[in-house]
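Below is one structure, written out as structure tokens; comments come after it.
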Amino acid sequence: MNSFGTLFRIQLFGESHGEAIGVVIDGIPAGLPLSAEDFQKDLNRRKGGSLGTTPRVEEEQLEFLSGLFNGKTNGNPLAIVVKNRNIISSDYDLHCQIPRPGHADLTSNVKHCGFQDYRGGGHHSGRVTLALVLAGVVAKKILAPIVIDTEIIHIGGENPWNQKLKEAIEEGDSLGGLIECRIRKLSAGIGEPFFNSMESMLSHIIFSIPGIRGIEFGDGFRATEMKGSEHNDPIVSADGTTSRNGAGGINGGISNGNEIIFRTAVKPTASIAKEQESFNFKTEKNEKFNIGGRHDACFALRTPVVIEAAAAIALADLLLQASQV
Amino acid sequence: MNSFGTLFRIQLFGESHGEAIGVVIDGIPAGLPLSAEDFQKDLNRRKGGSLGTTPRVEEEQLEFLSGLFNGKTNGNPLAIVVKNRNIISSDYDLHCQIPRPGHADLTSNVKHCGFQDYRGGGHHSGRVTLALVLAGVVAKKILAPIVIDTEIIHIGGENPWNQKLKEAIEEGDSLGGLIECRIRKLSAGIGEPFFNSMESMLSHIIFSIPGIRGIEFGDGFRATEMKGSEHNDPIVSADGTTSRNGAGGINGGISNGNEIIFRTAVKPTASIAKEQESFNFKTEKNEKFNIGGRHDACFALRTPVVIEAAAAIALADLLLQASQV
Amino acid sequence: MNSFGTLFRIQLFGESHGEAIGVVIDGIPAGLPLSAEDFQKDLNRRKGGSLGTTPRVEEEQLEFLSGLFNGKTNGNPLAIVVKNRNIISSDYDLHCQIPRPGHADLTSNVKHCGFQDYRGGGHHSGRVTLALVLAGVVAKKILAPIVIDTEIIHIGGENPWNQKLKEAIEEGDSLGGLIECRIRKLSAGIGEPFFNSMESMLSHIIFSIPGIRGIEFGDGFRATEMKGSEHNDPIVSADGTTSRNGAGGINGGISNGNEIIFRTAVKPTASIAKEQESFNFKTEKNEKFNIGGRHDACFALRTPVVIEAAAAIALADLLLQASQV
Amino acid sequence: MNSFGTLFRIQLFGESHGEAIGVVIDGIPAGLPLSAEDFQKDLNRRKGGSLGTTPRVEEEQLEFLSGLFNGKTNGNPLAIVVKNRNIISSDYDLHCQIPRPGHADLTSNVKHCGFQDYRGGGHHSGRVTLALVLAGVVAKKILAPIVIDTEIIHIGGENPWNQKLKEAIEEGDSLGGLIECRIRKLSAGIGEPFFNSMESMLSHIIFSIPGIRGIEFGDGFRATEMKGSEHNDPIVSADGTTSRNGAGGINGGISNGNEIIFRTAVKPTASIAKEQESFNFKTEKNEKFNIGGRHDACFALRTPVVIEAAAAIALADLLLQASQV
């Protein structure tokens, strides 16, 4: 489904080449100051335009349809809509016939019996993450003074990655990347065992972002090669501070007061200019073909703000649940 | 919360050293043949006893309290209870005072204001995964003929791991491991975008299992260093078969008909015989101490069946959702 | 919360004098033909304009933001927005100070700490039922050939009620009414015991409609004065037909194949022209005052289509749940 | 489904003539003192034995399987089980063939494809309300000092109803009744518009109780014949007190600080000794038949404590939601 959360709940809608992308956010405490300017910074971070990102740069005009009164949230659902503009749909007609490798063309066709909006990936487009970013801005306001930071660890395996990116672009190819997220000033005791553990909620929403291949907390996959005496985090003071942070700030699904740390694996952009092979369902043959349209050579460059938003949404919901009674 | 699922829903309960562990399963189709024997194989797989696993081997006596009639499910909630027996609680009194590194002693104390059942990890104990395995057996029956297989890829970094395990046991230390899960015969079209994507639901429930540090699908973290032309899976026939499987059988959160593949990072057991350091909240000093009790040197050895169960539960729920109307 | 449903799920938003009223509908099967014309009939039925209804007649211009492709639902969330136009807000400033009897002025002020949009009842306005009617149109399409009919049984206690209505209007007063709803061609077996019984789901959504005071099924409150031998419905044929219908077509929370019948008590409009008394929170005195603005003398006249919509929404969700596997 | 609630959540299980009836309660705040004695009073109130109630009097032996530690709730799910004893099943074999009028025999057979536990109504039995009463006791502890009182207004239309009851018993017939519930000391501001209004949540759970035909709040159905000037409740003081209570203490779905008042219509017991008619699915003919077994002539006499429990459960959940952040 297209909603997430128990007390802080978001409902997304929109297709890449449809009328609009939007989100309805329910459960926002009343009285939170909120204006269009609050969204600008994160919208800019998500925008394409720089090297390796899509030349489709939309002027995102936010329409607030409900939930605000005199510049503050009013306790009712906040609906925000962004109309799609800069649309060239003719690029996409082919993909009904030849589903693109690495895309949802085939699977959404099966799921929706051929009625899906196939233009630009439709509801599966990375454009839908715009709605996540909008909700994330609101979530961050609720979370303050908790801070969420994201950092690109590497792109295509390189820490200074500009050269590699240029080469990939020249080859008509794409790159993936690794992104780290750190959450500071979150007090201990947040997270709902058993099924709504901190890791469960974060991974749930992170894997909703298109193109994610993995997530790990603290020592992550390295923990599989460590001994318990190495991986355990000794508690060194009464506030729960540990001398290392292999657990990523979480024990038993509950925050322990140290930094929450997780890393997300972002796949290389599926849409590449380079010639590819797929099955043509009309001719019933394997065929070589080229994808048109405008694409990021590396959407991982634009993903940090989306991961931040997703983390903020999950945290806002867990925080609201924790303050019950 | 302690429930999971939309149409196939499980509610867990129980503490390690309390009266019982149990599960209520709601949404099982009526008419499914089910008996105690159906559970035996998976219960045996989960049991300790072999090298590196806990000597606490319980005779798991299943009590079916509801939901069965004449040997078949009757469409109402199935409640299964397993009484705890073989309990030695005195081992654990100390951990209120000195929370064990890598355990939920401190975080559950904060969350539950000191009222938690601290004996043996209480509700955070790996023993609670017994309830998952029970629900998993029922889920697998619903899924048939879909097959879920798990395999230990390595323990502590070693494929033949017996020698390394013996050394860790001798040192009073512990090891982690990497487990791969493959799901075959799942048709294309299963998974609910946006938020209930296949990866979201699987990761959500997998991270409910205590001691998981990471999950990756298909190429996983390696995808971050690949080019799009390498990572994309060319579709080679009309049934959606791809010539490689870097996506782990999922596109846009929806199964594509190829094998679902994911790997789970299991941390080394937190309870080690070796001396450790932690903060003593009574003396208000850092202290060295030893953990008593009986523990797995490597609970990753017992985790495959739990991962299978978790995957089966998530899949059963998604399948039931997919067959709507 | 402002969402309803498990598989067919609606999320409402909007305030009476805000930018817009809208609804996002998730879980609509793909391929359902849908256009603006489909909504016209029910929108007209909900519209004011005739004797006893509000002179505020909006031209409801529907904007479809997502979920439609080539005139058919595409399996993704359908978002429909109606902008508010004909707004005169100055009427309402007083009610912060003197909360109107029978309105949510005081309770929403308490709940939202003074940040609520108090203009025209805000999110509590009957105008929000517009979103229900929109979702109801879609639900009815899913339900076809099931038919839902509503009938006004009486207004202010009178079957021919025009004279009584004129008198109430002349007195600056208002009337309530009783509305009956009948659902035909619903097969037996729909409804989810225990908590999601047919009556539970219907009453849940019916009581979401502002101004409802009661609901009864079949014989309803009269059943309290009947004997079992009178109230029981004898089954007279193999298809489950009963010779009477005191159960309102439901046994054990599950439809029995006979007509579903329920009646809803609608209170008289709270906003009356007549002088009233309330507490003035500024002067801290009881005061007599008059309500301005434009109001229905009897909104029960416009409620049948809203009840129909609500019933259709609950039924669509239960039907989708029933066809699982 | 068999669960209810967002933050205070209960999951029921059990069949009338199965092994046990039970409930798992999730979301109980940690530290609540709780013992078997706390349940005794309400269990006694629910018990049969007096004139007009079933002679099947079970000794309800409570087993607490989890969630308690040192006499207090520990923040994890509380599981309570009551084994069924005093069972005579042979009475019920006939009803597969001839479904009893007013029972779920036929509808559960359709829903569960013939696999339902038909003995004594199975999961549809009034015995399952035992689980509601158990959860209600816990809910009331959370609600304190809020008080919930129920009163029988009439049985079969008579305020002193003993004579009428005796006559009905002699005739082998049954009676229904009307029950009023009043909730005091509930502060203003509780209830979640739009869909989780106070009335929606209360009616949802009340209609889960078997045999309920109607519910009305405040003036209820009488409001349909009143004028606005009569039905509106004038606010007379700064604490929101009103001079009358036609709204039943609720405006816009939110409590207004006055008493919550609602009345519930309970149907006459369906199982009567008197000869009845139904369709015999084996002989495919209408037949006269008699129901054996032990039954209440008027289960409305035992329903007040069940209504109280249901109301307490809904209120506990709404209260926990209201104290978010």
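Note that the chains are named A, B, C and D in the order they appear, and that numbering of residues resets to 1 at the start of each chain.
Heads up, the rule we're going with is that a residue touches a chain if its C-beta (ideal position, glycine included) is under 8 Å from a C-beta of that chain, and two chains touch if they have at least 3 such contacts.
A quick note: this is a predicted structure, and the numbers were derived from the prediction, not measured.
> Can you give me the shortest step count from chain A to chain C, moving only between touching chains?
1
> Taking each chain's centre as the mean of its CA atoms, which one is farthest from the centre of chain C?
Here the answer is chain B, farthest from chain C.
> When the C-alpha atoms of chain B and chain C are each averaged to a single point, how far apart are the two points in Å?
About 45 Å separates the centre of chain B from that of chain C.
> Taking each chain's centre as the mean position of its Cα atoms, how many Å separate chain B from chain D?
37
> Using CA atom averages as chain centres, what separation in Å is found between chain A and chain B?
25
> Give me the residues of chain C that touch two or more other chains.
Where chain C meets two or more other chains at a single residue, that happens at 1-3, 6, 12, 27, 76, 108, 111, 123, 193.
> Which of line, ring, star, complete and other names the graph you get from chains that touch?
complete
> Applying the document's contact rule, which stretches of chain A touch chain C when the two form their complex?
Against chain C, the touching part of chain A is residues 1-3, 9, 11-15, 18-22, 24, 26-27, 30-31, 63-69, 72-79, 81, 108, 111-117, 122-123.
> Enumerate the contact residues on chain A facing chain D in the complex.
6-7, 27, 29, 76, 142, 193, 319-321, 323-325
> Help me check something: in the complex, which residues belonging to chain D touch chain C?
For chain D paired with chain C, touching residues are 1-4, 6, 12, 99, 101-108, 110-111, 121, 123-124, 128, 154, 156-157, 168, 171, 173-178, 188-189, 191-197, 199-201, 203-208, 210, 212-221, 223-238, 240, 242, 246-248, 250-256, 265-272, 274, 276-279, 281, 284, 286, 300, 322.
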